Amino acid sequence: MSDALTVVVLLLVAGSATATVAQRDPARQALVLSFLGVLLAALFTVFQAPDVGLSQLAVGSVLTPLLIMLSVRKVRRRARSEEGTE
Amino acid sequence: MHHLIPLLVAVPLFGAALLVATGRHLPRIAAEITGFVFSGGTAALALVLLLNSSPPMTEWAGGWLPVAGESVGIVVVGDGPALGMAALASLLTLAALAYSWRYFDEPPRDRTGSFTALMLVFQGAMCGFAVAGDLFNAFVFFELMSVVAYALTGYRIDEAKAVQGALAFGIVNSLGAYAMLTGIALLYARTGELAMAKIGHGLDVAAGQDGPDALVLASFVLVLTGLLVKAAAVPFHFWLPDAHAVAPTPVCMLLSGVMVELGAYGAWRVYGTVFAGPGGIPAADLTRALVALGILTAVTGAVMCWYQRHIKRLLACSTVAHTGLFLVGLGVLTPEGDAGIALYLLGHAGVKAALFACAGVLLDRFGSVDEHALHGRAQGQLRATAVMFAVGALGLAGLPPFGTALGKSLTEEAVGGPLTVVYVAASAITAGAVLRVTARVFLGLGPRPEDAEYETSGSGEEPETSGPLRRIPDTMTTVPAVLLAAALAVGVIPGFGALVARSVDEAGSGGVHAPAHWTLPGVLLGVASTVLAAALAGLAVTRLGWVAAPGWATPLRRLQSGHVGDYVAWLLVGATLLGALALPGILGS
Amino acid sequence: MHVLPYLVGAYLFLTGCYGLATSRNLIHAVGCLAVCQSATYVLLLAVGYRDGATAPVFSDLKPGSRPVVDPVVQALTLTDIVVGATVTALLLALVLQIAKRHGTVDPDELRELRG
Amino acid sequence: MAVNGWILAATIELGGGGAAALWGVATGPPARRVIAQNMTTSAVCPALLLLAQGYGRPSYVDLALLLALLGPVGTLVFARLLGDDLAGQQPSAWALTWTAAGLGAAVVLALCVAGSPGRATVKLLVIGALLISGNLVASRALAGGFRGVRGG
Amino acid sequence: MSRLRLWLLAVGGAGLAALLAAACLELPGFGGSRHPYGDRAVHASLSRHTANTIASVNFDQRAYDTLGEMSILFAAVLGCVVLLREARDEHRARPEPTDVARPVRRYALLVLPVALVTGLYVIAHGQLSPGGGFQGGVVAATALHLLYLGADYHALERVRPLGVYETTDALAVSSYLALGAAGVLAGTAFLANTLLPYGTFNTLSSGGAVPLLNAAVGMEVASAVVVLLAHFLDQAVEIEEEPGRGTP
């Protein structure tokens, strides 16, 4: 039973990693990346590593997406103001 | 005494924390004095420990002394090479801080001490990496060193080139670090240990009669990939010219003077402790891999160096060439080679840091580091800098009695035969390029060259001071002078070479002592490289056709595309190449 | 089953590298680097796993009552996650400055350093 | 570990919910993606609770607590900063949202019944409350919770 | 995309894939029972009355690694502060206030204290149950940013005196170093956990210096993340370039 669980989660992780790389738009990538983060936390629970899971949840579900989205916003805002002045 | 080794990390970090805690209220001069005190204190500590490093010390952080040979703590090594690298890093940091004394770029508002604090963390990280005896601990300090280096490289955020170079540096080095960590995970899976010596023992036990297998090969390749990315071996080297050319001058002194060399040192340490046993990578394979990559690196670096007009980029490429030479010398795995490289590395650190310091003077005086734009502009002024630039070039060529010459002659003897040609050629070409710059910029010799199509120019850069300097402050000339004198001292002080050789061999080859003194062929080869360098420079200045890139070098220069995707692809190719070079021994066993 | 986790780790690393090399947007490249790094987490934890064991956390478990997995790799992974988050932040800061100074975040359009 | 109903339930939950959420988050228009991102929390958090029960480790419940707290916060981040992409789409999927909420409630109740009453039950109920309210609020935020975000 | 890069990628990727696959096949099977270092670590942790072995590895047995880890965070934050400083051609603009729907605002303000308490709980119980300084620190720091999500940036700025957080960050690193150096002064070793009594197993004060180091890391992480996010938020929300001085 444990084996089936491990396999399911591993395949999901591999799938979402593929999806993360395949999303070429950073904002959409951030969405998949946060999904990958949560899924990794689940995988770490399955690997009996709750400490690591907690830290992956804290980093992967909010911190990294927030950083990426703020960067995206800055870059877009810049591009907009650039268009505005030209 | 050995309890004090971890303080090499703790003291500079403490200084940095202090600077950040008080940074908002500290006047600039107080911040810089604090930096000096902590950096200098660490340097003094490193030197004291170094003087006591025979016999080699070990320390268990946390006091977890091994029970029946097993420990759960982290081992820290205090042998000659480790403490020597720590001392070198500390002294060079001190020199860089002195160089930036009061004149370097205005600090950001409200953050007086941040540059000094970053430099202190950098120093601590380099010391920590140098003394690490535990593979994961080495990774941690490797990563700390990288993180600080990215920030320092991009420090001048107003410069388009600086931020681009820093990002390429960051991505490639981080990827290398992750490869290294993957290798560490594989080794842990096989041996269940993290201390380097224990892993080596575990590999030998696990291999038994069968010798190494694919797992050992993969972990070797991955760990070495990380270290060689840092050491900028071809084809992992692309980030280096981009990053070292754009970093602030005091940072360049550290990056080229010691950080890159720490990568080579790490490769030496990891191979010697982890992979040298019967369960590791056979010596012949290591030699094949390192010598092949080293030659490739030396040649690529020298060619790239010759065709640069951006002076800092030229110096960065010469660093690539010289790391190639270091890798060849370490790859032959002889006590003589190790001792020679240790001396070469010391001399090179002094010379290269001094050259970068002089390039920084040009940048701050004229707002440009472009050989073509500066043609003749420094004529008649900056005499001291001109002399030091020329002397530095001679040191780079390996003119006796520089430390570089002593180290190079010992290494040439160790590698022997046709490889000597690589040493003479690489040092002559890089030194020739520097001499060419000296002749053009400081003497105004020859006609002004024309611009080529695919190149990075060094014009249009902002000086690192608050405006172009009218008078060069004394600190900015004293520091390179002292560094050059130190590089000279490495070769001149009687008995120093023998001391270094003994201390390296005590740690490396276990008591086989290599002689370390000047020999006639060595001196002659050093003189020959210098003459060759001068001839090349003379030809370049008088015959312009020589310096405009001939067709065959253009493809090589196009590879340096500034595109981070290319660099990542090359990193993968490099790992594959490394694996292919080390493969025969695995198949044979 | 007994090699699947390792293979997934290796796959993550290579996928991340592919994304990194072919990326057309530097923010996306930093995301791909994070994928590369997750490979190291998976590999490390897979190496430390033990069949039928549980976490070596004894707040709700009597020591010795059940087999436990390897705590060392978990500590290493924790360190690794911190490293990953900070490197991501630092690289994103650099990307922001590139966007300002170059007016683009497409690596194909960065033409300052070459040759 | 013997066949264990809790782990079986977690496997189904993770497999089904995870695959659906992955599909949703990686394809389609932005509106659908953020909804799928929000559903991730509702799918994984009950699974973590089930796993804690299945492994017999009450201390694993902290993971679910953290996810119930931070998952909706993550969605709020996207709702706030993706405002431009979502403008005019007003993504909402109330049927899905209530289904997810019901699922979370069912799992929490089942676990409460299985365990003995005590501090653990209180913790479970807190997690359930956080999960469901977070899920509903995040859905609300996606359906136009922030206006005039161009500046701030 | 250049053809050369694709070729390089294909060759390098295939080579590395082959190497990794071959290595994976040689690895001991997943779930194997040989973990010498791990078993020693569990034993050492129990001998020092630390219930969470991972905390013991992090803050006792391999505390020197954690020093490096927290220095990385410290250095990265310092680096981001330096890299994201206001450049010469930039200025700050006050962001327009945001109109947040009432349920969202209420939720954010309600969850904020809950998240803060949870963060502190996760830090405090680090040496007993899963969690610790890093995880709890991130949660606590994230909690503060609910103010940005629930209200607007101005509200966040009022509870966020950056100078205090930066100083806390540095002080936390200093205290970690000081705890480490105490071992040297006492004549044992750097970061030796031999000065304090180990306490009763599975209580908050057990484990000697572990809770102290854990708390130092928690403080450091929480303030570092606040400072880090503050600079990104400043860039995304406040800092603007002077018009007409952008790059081509």
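Points worth noting:
Per-chain residue numbering starts at 1, and chain names A, B, C, D and E are given in the order in which the chains are listed.
We take it that contacts are C-beta pairs under 8 Å (C-beta built on N, C-alpha and C of every residue); 3 or more make two chains touch, one makes a residue touch a chain.
Just so it is clear, the model here is predicted, and its values are computed rather than measured.
No other pair of chains shares as many C-beta contacts as B-E. Comparing per-chain C-alpha centres with the mean over every protein C-alpha atom, the closest match is chain C. Using mean Cα coordinates as chain centres, the one most removed from subunit B is D. Mean C-alpha position of subunit D lies 24 Å from that of subunit E.
With centres defined as mean CA coordinates, subunit D is found 50 Å away from subunit B.
Subunit B and subunit C, compared by their mean Cα positions, are separated by 27 Å. Taking the mean of the C-alpha atoms as each chain's centre, subunit A and subunit B sit 36 Å apart.
Shown for subunit A are the residues that touch two or more other chains, namely 2, 22-23, 30, 48, 50-51, 53-55, 57-59, 62-63, 66-67, 70-74, 78, 82.
Residue positions of subunit B touching 2 or more other chains: 136, 140, 143, 147, 150-151, 154, 157-158, 160, 186, 188-189, 194, 563, 565-566, 569, 571-572.
Annotation for subunit C: residues 1, 4-5, 13, 17-18, 21-23, 30, 46-49, 52, 54-55, 57, 59-60, 68-69, 72-74, 76, 78-79, 81-83, 86-87, 89-90, 92-97, 100-103 touch two or more other chains.
Under the touch rule stated earlier, the contacting chain pairs are A-C, A-D, A-E, B-C, B-E, C-D, C-E, D-E. On the side of subunit C, the complex with subunit D involves touching residues 52, 54-55, 57, 59-61. On the side of subunit C, the complex with subunit A involves touching residues 1, 4-5, 8, 11-12, 15-16, 18-19, 23-25, 27-28, 30-32, 34-35, 38, 41-42, 45-46, 48-49, 52-55, 57, 68-69, 74, 77-78, 81-82, 84-85, 88-89, 92, 95-96, 99-100, 103, 105. Per the touch definition, subunit A reaches subunit C in the complex via residues 2-3, 6-7, 10-11, 13-14, 17-18, 20-26, 29-30, 33, 36, 40, 43-44, 47-52, 55-56, 59, 63-64, 67-68, 71-72, 74-75, 78, 82. Looking at the complex, you find that subunit E touches subunit B at residues 2, 4-5, 8-9, 11-16, 19-20, 22-23, 25-28, 34-38, 40-41, 44, 57, 60-65, 67-69, 71-72, 74-76, 78-83, 85-89, 163, 166-167, 169-171, 173-174, 177, 180-181, 183-184, 187-194, 247. Looking at the complex, you find that subunit E touches subunit A at residues 52, 54-55, 122, 130-132, 134-135, 138-139, 142, 145, 225, 228-229, 232-233, 235-236, 240-241, 243-244, 246.
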